[in-house]
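One chain, subunit A, links the two complexes that follow: it is found with subunit B in the first and with subunit C in the second.
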Partner chain A sequence: MEPIPRKHWIGTPLCLRGWQRNIESKKRKYNGAREIFVGLQNYISLVNDAIFLNSLKVTLVLNLFINPIQIAMALLLALLLNSNTLSIRVFRTLIMIPIGISLAIASVIWGFALNPHAGLVNSMLSLFGIPHQPFLTSSTQALWCVILIATWKGLAYWMVIFLAGLQEIPEQLYEAAIIDGANSWQCFWGITLPLLKRVLLFVLVADTTANFLLFVPIFVLTRGGPQMSTNVLMHESYSRAFVYSDMNSALTIVTVILVILLSIIGIQFKLLKASE
Partner chain B sequence: MENFILFPWETSTQVLFYNKDLFRRAGVPEPPMDVTKRLTWEEVVEIARKVQAVANEGKPTTEFWGFTFDQVSRLYQIQALPESLGGGSGVGPDGLTFSGYMNNEAWVKAMQFYYDLFNTWQISPKGLTPEETPTLFSSGKVGIFVGGTWNISMFMAAEGLEWGMAPHPYFEGGEVMTPTGSWHLGINPKSKHVEQAVRFAKFLALNDELMRDWFRKIGQLVANKVMIDVIKEDPMYGGSPTIFTERWFFTS
Partner chain C sequence: MFSRRVKGVIRKAPLYGVLTLFTLFSLLPLIWAFSSSFKPTERAMADVTSFSLKAFLPVPFTLRAYSALFKAGFGRSIWVTFIVSLSTMALGIIVCSLAGFAFAKIHFPFKNALFILVLISFLIPFEAIAIPLYLVAERLGILNTLYALVLPGIANGLVIFLFRQFFMGIPNELLEAAFVDGASWIKIYSKIVMPLSKPALVSGSLFLFVFQWEAFMWPLIAVHERDLRVIQVALAYLRTQYFVAWDQVFAGVVISAIVPLVLIFPLQSYYIRAITLTGLKE
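Moving on to the complex of A and B:
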């Protein structure tokens, strides 16, 4: 088979290039490297790959928890801070600070704080008589630490978008409801939530995407460990591409991420549109 | 010129660094620099436990540690353990087979030792990256640090740190195995400026005076014989080049 000329790929979008490379597998020699067509073999290999399957599981588990947690907390914060008095504005600014810190630096600082022996978090826990926790060094706790760090960093950002949505809701609606004898829960359920639906859909889709592509805290702190407990698909794809030089397998994983992400976003659109 | 060419530049070896102050407090004699009297891993563990217990005044540690590797969880550093027990490199002769090579008896024993350092004996801190371990030693919190010679300049600059060096340990009854690696000045034959690059590489790598200063300031072993002169003159190296040169001749 003739080697496919590299020029052919220049100018095609990255995702298409990924697709092309996925259906061509490598037969690398150090001189005159060439690639051959293998059909769907890259995908078939993945299905039987225990490391990939574990990585898929970790990614899904992470997203199953991190997205509802972040969205619920961001909405709650936005509701608490939805007022324009001076003290609330000062408080809002304080909560926004994590947005200004790079995630890489935040991860390093959290890494110090979560140190199992001399970390700040363990010192604070010991004030309440709680024994030292292993945190990032434990295969059962590490993923939760990643959730903590990513949420600490991302929460304020989603909160701001919710706040913008809340401030759009006309005050008269609440006044009218209160005159009719509605309590605050009924106001939230009957006015706030329905009018926030468009904002909610945006936050849901954008947050899910961001968390499916979450990479920095894992790369900085755990490298997918301990015992692959934080080895999300993005990290596995990175390792295959840049540690093991297996670009085709890495791009196959990226394509899988893309397909999963598109299906989840499709479902989210359908659910929130259908109930309108 | 058709081939990729390299000039030898730096080389390295792994040695045992120890904190003289913590050793003194624990009443442990300083290990000799002599390669024929190197410590065994069994002795290292025993010393580390003693040093750690005395430094922390018998309490569970959050501050002082008996032992740490430089490059924790990297094969480069850890491979010497199974190799010392006769377990081989962990890879089969075809370069692709791991089963039977990375899980043979010696490898299991070596990994058990590595596990015990952190969990059973608890003399090594968990959750550190290879970037953090040298600073832990240079801040005086570690009794024994087994690591690369590139750390020497950092330890020399650390204020109040009294430290010494000894040869890399081995398992009792096992073989002496020390990790090593080297650095080179590479010249790409496809470059437009091969001639200039060769001249520059010669200026660096074949310049005795420059290499002598480089070794004195950086501490990293250099692939040049002037290193031996510096080691013989400088009391820090105990006047004995053997601890470095046993590996030096292999890599440069």
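Moving on to the complex of A and C:
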């Protein structure tokens, strides 16, 4: 294995590099354009920006579906796997394997599996007589494919957190409830859910933040397409920064994302507090 | 007795049915990718287009994809990723355990405010700060270097939190006794606290390593040179370059997935502790 060239590793010592750069950027400022304070101008221009508005819509739609789907499925899975028999432990280990697969790799695998012409999913669907689907190449299905991929990777992760929460609930509570004649449905609403509230709140907040900033499957598979149907805010800000070299506009979008995110988290906290 | 067992199985059949579906959903894509990496592309494609269960078996077996991948220079990405992940892990353990120690055992001004910052830093995913961080890295002049890949990953909020929680459980009397004997903070940390903290050490190291191994957006923007591409980014480019050479892309997938899996599998409980800690503790 050839070693990594010195310039990448040590080069000039860290502090010197920073100093050099500052001199360079000062020179640049005097030669060319200077940054000036523009007030809210960057935000005002976003309001009339159709591409931005579209990606805002895409991000909100994505989150409206992906978060409830992931949380409901993860909770269901955790309830099913909440026992310590040998067979359940085997299922648990197998279902947890995607936790160790990165989102980038998951996207690459699913990209091939969802290939419209020679993909695994289409050929398995045709076993059930379902015609070939366009998946990532269709502007109506691509966002659902992104949801599928992110859920495949995220499901077990959130499940593990729910499972840890479930195992903290004392067994005696269920025993007492069953003696009083409660069925498992009543046990779930009366014991499990109330005692799981804190874990649920955490998963709700953490899952929403993760999906609001979802970037990898979109970058790897669709680059926002087809017809901007998967162009989430994070991808839009990435392309403004690194494809169109419009750093100011990109940072404005990042700020917008963070503000929306913080307000959503605030609302979620309020709602869960109110229902207590 | 027998009929009761049969009844038990029948009652549990829907449960096992649903769990089997979830298991297939989780594993089939991986088994397919694994098998396809060991056969010629034409065969892999043929097994899918006229679907048969052979799609999930690595026959006819060949390592051609792997040798082609390494000839194309993929070995370099593996090497870079190992260096980045291991140095992040080593430096991160030192920084995060020291920080965790301070938060758990030492009183200092603004402790709570700083701790809230640590909590926020792991509640907000790295993607949120990637673009602003790019500007910082540019000012520091470290874009396109290993510094840019390693430095931002060292101070990890979750690992600091993990160490702090663990250190809180170590009784203060133990430290006070050492104080009375004239030991310094650094001696207490290195001679008493750290040797007691092997579980936190394993969880933290594993988490830091896997976090870096799987990082995507930051390595993508912090480094342009091919020489410094980490595995995850190299794979994404490989996919667009060789859209037809399935086998090679799948071989890359297998190599990059196998490392975290081999580490996590035997140390499952440690990794899960790192994940679940955040959801359960205040």
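The rule is short, and it goes like this: the second predicted complex is superposed on the first by the 243 of 276 C-alpha atoms of A that agree within 3 Å, B and C clash if a C-alpha of one lies under 4 Å from a C-alpha of the other, contacts with A are read in each partner's own complex, and residues count from 1 in each chain.
Note that a contact is a pair of C-beta atoms (placed from the backbone, for glycine too) under 8 Å apart; a residue touches a chain by one contact, two chains touch by 3 or more.
If you're wondering where the values come from, they're calculated on a predicted model, not measured in any experiment.
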item: Partner chain(s) touched by A:156 [first = subunit B, second = subunit C, both, neither]; value: second
item: Partner chain in contact with A:97 - subunit B first, subunit C second, else both or neither; value: second
item: First, second, both or neither for A:203, with subunit B first and subunit C second; value: second
item: A:118 touches, of subunit B and subunit C: first, second, both or neither?; value: both
item: Subunit B versus subunit C as contact partner of A:188, first or second or both or neither; value: neither
item: Most subunit A residues touched (candidates subunit B, subunit C); value: C
item: Set of subunit A residues, in rising order, touched by both subunit B and subunit C; value: 111, 117-118
item: Complex interface listing, subunit A residues touching subunit C; value: 1-2, 4-5, 7-9, 11-12, 14, 17-18, 20-22, 25, 77, 80-81, 87-88, 91, 93-113, 117-120, 123-124, 126-127, 152, 155-157, 160-161, 163-165, 168, 198-199, 202-203, 205-206, 209-210, 213, 215-216, 219-220, 234, 237-238, 241-242, 247, 250-251, 254, 257-258, 261
item: List of subunit A residues in touch with subunit B within their complex; value: 111, 114-118, 134-137
item: Residue ranges of subunit C in contact with subunit A within the complex; value: 15-16, 18-19, 22-23, 25-30, 32-33, 45, 48-51, 55, 75-76, 79-80, 83, 123-125, 127-128, 131-132, 134-135, 138-142, 144-147, 210, 213-214, 216-217, 220-221, 225, 227-228, 232-233, 235-236, 239, 246, 249-250, 253, 256-257, 260-261, 264-265, 268, 271-272, 275-276, 278-280
item: Residues of subunit B that touch subunit A when the two form their complex; value: 61-63, 125-127
